[in-house]
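Several structures are given next for inspection.
Two complexes are shown next, each including chain A; its partner changes from chain B in the first to chain C in the second.
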Partner chain A sequence: MSVGWYWAVGGLRRAVALGAFLALAAFILGPLLTLLLWAFAGSWLFPNLLPEFSLKWWAYVLGNADVTKAIRMSFLSAPAATLLSAVICIPAAYAFARLEFPGRRVLLLSFLSANAFPKIGLYVSIATLLYRLNLMDTFAGVVLIQVINTLLFMIWIPTGTFRGINRNLEEAARDVGAGPLRTFFQVTLPIALPGLLVALLFAFLAAFDEAQGTLIVGTPNHITMPVMMYTLVLSYPQPVGAVFSVLLSLPSLVFLLVAQRYLRAGYLAAGYSL
Partner chain B sequence: MTGSRREGALGLALVLPPLLLLVFLIVLPAITAVLDTLAPPPGASGLTLARYAQVLSARIVRADIAFSVVVTLVSVAAVFCLSYPLALYLRFAEGRLPAVLAVLFTIPLFVPVVIASFAMITFLVNHGLISTVLYHLGIQRFPPLVYNATGIVLTEVWASIPFAVLILGAGLQAIDDALIDSARDVGAGRLRTFVSILLPLNATPTMIALTLLFISIFGSFTIPYLVGGNAPQMLGVTMTNYLTQYFRRAEAVTMAVIAFAISAAVGAVYVVSVSRRERGTV
Partner chain C sequence: MARLSLRHLSKRFGTHAAVHDLTLDVADGELMCLLGPSGCGKTTTLRMIGGFAAPDAGDIQINGRSVVALPPERRPTAMVFQRYNLWPHMTAAQNIAFGLRLRRLPRGQIEAKVRDALGLVGLPGAGHKYPHQLSGGEQQRVAVARALVLEPQILLLDEPFSNLDARLRVHMREEVKQLQRAVGITTVFVTHDQEEALTIADRIAVMKDGVLQQVDTPAALYARPRTLFVADFIGTMNLLPARIEAGAVAAGPWRLPAAGGLRPHGGEATLAVRPEDLVLDPAGAPVRVRRVVNLGHYLQVLLECPGVAPLRMFTEKGASLEEGQGVRVRISRALLFSGPDVAELGGPMRPPVAAPAEAP
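And now, the complex of A and B:
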């Protein structure tokens, strides 16, 4: 199983690869490392290579009522949006992958439009709609805005996953007398689970990350963590933003660890390649 | 016969809920936005392009459009030049280094853009980590890296690498090993194999990656808002400012439609290449 010759391991080639690797590692990890250092800095004066360490900004951030409120709002709204999105999108994804119906291809592509129109132009119109429905500055309004951002992931990745499952397995189950629902829950779903988890994960991150629309729809009483982050970045001392960033990255970090196994298995790539 | 009709009905029924959401929260608002920008002044009838003429007559807006296109093209080119070798390396190299790299390059995917932007600022800013390290190396004068186009490009590249590598890598993965081996058997070198086998067979994923990168970078808001300078700025920031700072809704929406038109023109390339492929697999 080797086309390794294409990237043969000569000494020079290996040195170049290592150099490029270090440069890329510095580029990707450097900003995150700087942020992490700032989060534990009491003060950091130029040109010291390391800051004076202190936890005082953690006390400051966690003691702030607005911050804890934003954290609660984020951890309520993003899971709600992800679940709602999963419930309506996964059956649709199954239909896109397995059933023949008129307009299937066009409808599948139409979900791309969720990412093609500049969001800010949409939010203006959506805000008008939500205003009429009395959903401005409500939890439901914030969840709806977040769901929009999850649609593409929740349709496309599960569609790719279901399409990758061998049809013969399902047909074999049907042959031995299992009904369509039983076949789905006992055969299809367990095989599809890793791909669906990756979709859930990306949907959650997309919902959790949403700031622009939530800012418009949720102000002033339904502020999430990323919305708050704009204020913190622009008008607070550097360590405050850094501490908050670390808090805001925790869910992603957990997901990165959980998902690593599946990412390597290529489910993500399967989803992206449609 | 009835079986396939039932299947069609079931398929449509399952697809309906997310489709309704798409129609009510995206398609209809987008159409409303477009119609609003074409609406004539009160009392008159018909459609008018006056708002577009007015918005485009502002020199600042034209400068911002040009700036957005240039920054986006440079970012896409930079992402592509970094991602293609990386995807090739991950496809063909063996050993521990590629395994570590496969984890490393996905990290930005898990970092919210707000944080990525803020992290980039602390990294690149005057008296940030880069300038501290350069100072200790004896370099004290270098061009500013953030709050300008350079900062935007660097942050967009940082955030887009995983996406590009994943799509390009998936395409390369799909190319049969036997094909690559037989190219070598008939005496093709690495470059020749790349130019006449890998590049053409990976053309569709490449088109998909390039167009999606263009659309997402061109429409980005958070990165230019936090990492960019005051003027010129990217269109996403300009239209948001028009809406939330100057309360000029009509102009903001008009700019959104202009941005959409530019993205749609690029997106057409994507739709053509995807539907060609879809037809191939079904």
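And now, the complex of A and C:
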């Protein structure tokens, strides 16, 4: 066989490496492939190794009013939560990175603490607050609960990113005549962009995947895809769940492709002082 | 054009005074070097002039007008930083053009100015390159171009050539000096390299621990240092413990006649002798040659003398000296530091050009 040379040349180390690689690939890609198979499967009868290709489950899922509503809800609330989070957190992160003020460390840690404890308690107490504010079962309520989930990423990653940008670069911009705002938008922000993109990606996924809090705050009328998933898994045929999972992973895929383009830009490392 | 005047400037970080009561005047078109060991407050001083650090006390005036209240973007200064100068997301040309675009110059004019500036620093083809595609030296040159293109009244350079190799550093130093002469721009140049300072400065301000020690021309600084620190820091200097006696100064095997008026401050004093002021003379004191180093057009001789640390002597190449040989050496000129007083002893001052600076 043609693999003979491989063993002859490579020896044991290569064999082990290849084995590990295949195992890893199977471990990661296996479930994904199964999902894809299920999502595009028509009837899958006994002697056939592969099911026949069909979009019928897609038609079924996308034709279900409850499901499309959840999809719409997810694709509206998660970007809204990410944007809101960015608008609040990026300036805060800049302040954490650049300003020395009393309580800075404690405040920074408090953003971590939101993720350090079981969330369900936090969600319940927030729910009582939202109830008083008449925000239960509203779009705004869902967005708020998702924002909470993004805070960790949108504070910590940008703070680190801004810290890594040498102050001289900002001072040089001031020196040639740019004011503080222009310096931020034309120098700091573009240099920080790769780091901020990573933060946006994580924040979006955190918001998009959020189910616990949304379930508490959004039912019955503001259901997102992950929440819908609970119902689907229990009461619909298996391929529906697969189709849904593929839909759920689409945003991450798109985001990864976009981010990768930016992350490859050559200047990435140059502005950071290590 | 522009006079710069620093008045009793102070800056402290916590309890540590980075700059203390610094008063300095830089004349129009002058190239002033701030020279001193690492951590003596040079960068801090420059940052206060540029507007990046607020002085705790004192005033900064440009053409007689105080600028301490102005943010950096409103000061007529341009700075080249020690490190991290160029914006990594812009090409060299965009870096240089940034300040011009802020001034809303027409496109064509910006392009012409950028081209000229790049030519000026010897990088005519580098406009389209990103900083990470340029060497450290090229980046510093683009930074100089970016500062010059705005035609600032005062140019601030913070060790701009510290990460260049020795040859390029000497070359760039000459270039900047020429440029500065041609444009006539008032310049403050920070360096811890005394050779750099001695070769390009009109005047040098020597700092130590945040305190200004002496401001003088390179020649005067070399010939007449006013403190022991400056004497030791500039050029090569032999320091000998000395005793002030009636009408004379005793140091090692030498006794130097001293004109009256020397006040003994507890009798402790230090005699500072340049290597070229030690001369071979049959009437001198007996010493022994320990080592001879040929430094090209002159010899550096290490002398062993009774009672003092080895002394360095510069002498002409013709002298036939062998290691271990006994010779007689005279001190032709010296400075005596005694408490706050400085006294010149011996013959006429030597021109400093003959004195090679310490080899790097």
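Following the convention adopted for this analysis, the second predicted complex is superposed on the first by the 242 of 274 C-alpha atoms of A that agree within 3 Å, B and C clash if a C-alpha of one lies under 4 Å from a C-alpha of the other, contacts with A are read in each partner's own complex, and residues count from 1 in each chain.
Assume a contact is a pair of C-beta atoms (placed from the backbone, for glycine too) under 8 Å apart; a residue touches a chain by one contact, two chains touch by 3 or more.
Please read all numbers here as calculations on a predicted model, not as lab measurements.
Contacts of A:95 after superposition: chain B is touched, whereas chain C is not reached. In the overlay built on the shared chain, the residue A:231 is in contact with neither chain B nor chain C. Contacts of A:166 after superposition: chain C is touched, whereas chain B is not reached. Here chain B and chain C are compared by how many residues of chain A each touches, and B touches more.
Judged by the touch definition given at the top, the superposed model places A:112 against chain B, while chain C stays out of reach. Once chain A of one complex is fitted onto chain A of the other, the partner contacts of A:187 are limited to chain C, with no touch recorded for chain B.
Contacts of A:174 after superposition: chain C is touched, whereas chain B is not reached. Contacts of A:151 after superposition: chain B is touched, whereas chain C is not reached. Annotation: chain A residues 266, 269-270, 273 touch chain B in one complex and chain C in the other. Taken together, the chain A residues at the contact with chain B in this complex read 1-7, 9, 17-18, 20-21, 24-25, 27-35, 37-38, 46-49, 88-89, 91-92, 94-96, 99-102, 104-105, 107-122, 124-126, 128-129, 144, 147-148, 151, 154-155, 205, 208-209, 211-212, 216, 226, 229-230, 233-234, 238, 241-242, 245, 248-249, 252-253, 255-256, 260, 263-264, 266, 268-270, 272-274. Across the complex, chain A is touched by residues 4, 7-12, 14-19, 21-22, 24-30, 32-33, 36, 82, 85-86, 88-89, 92-95, 97, 100-108, 110-124, 127-133, 135-136, 158, 161, 163, 166-167, 169-171, 173-174, 177, 180-181, 184, 190, 193, 205, 212, 215-216, 219, 221-222, 225-226, 235-236, 239-240, 243-244, 249, 252-253, 255-257, 259-260, 263-264, 267, 270-271, 274-275, 277-279, 282 of chain B. The touching residues of chain C, when paired with chain A in their complex, are 50-52, 71-73, 77-79, 81-89, 98-99, 102-103, 130-133, 143, 146-147, 150. Listing the residues of chain A that touch chain C in their complex gives 166, 168-169, 171-179, 182, 186-187, 190-191, 193, 266-267, 269-271, 273.
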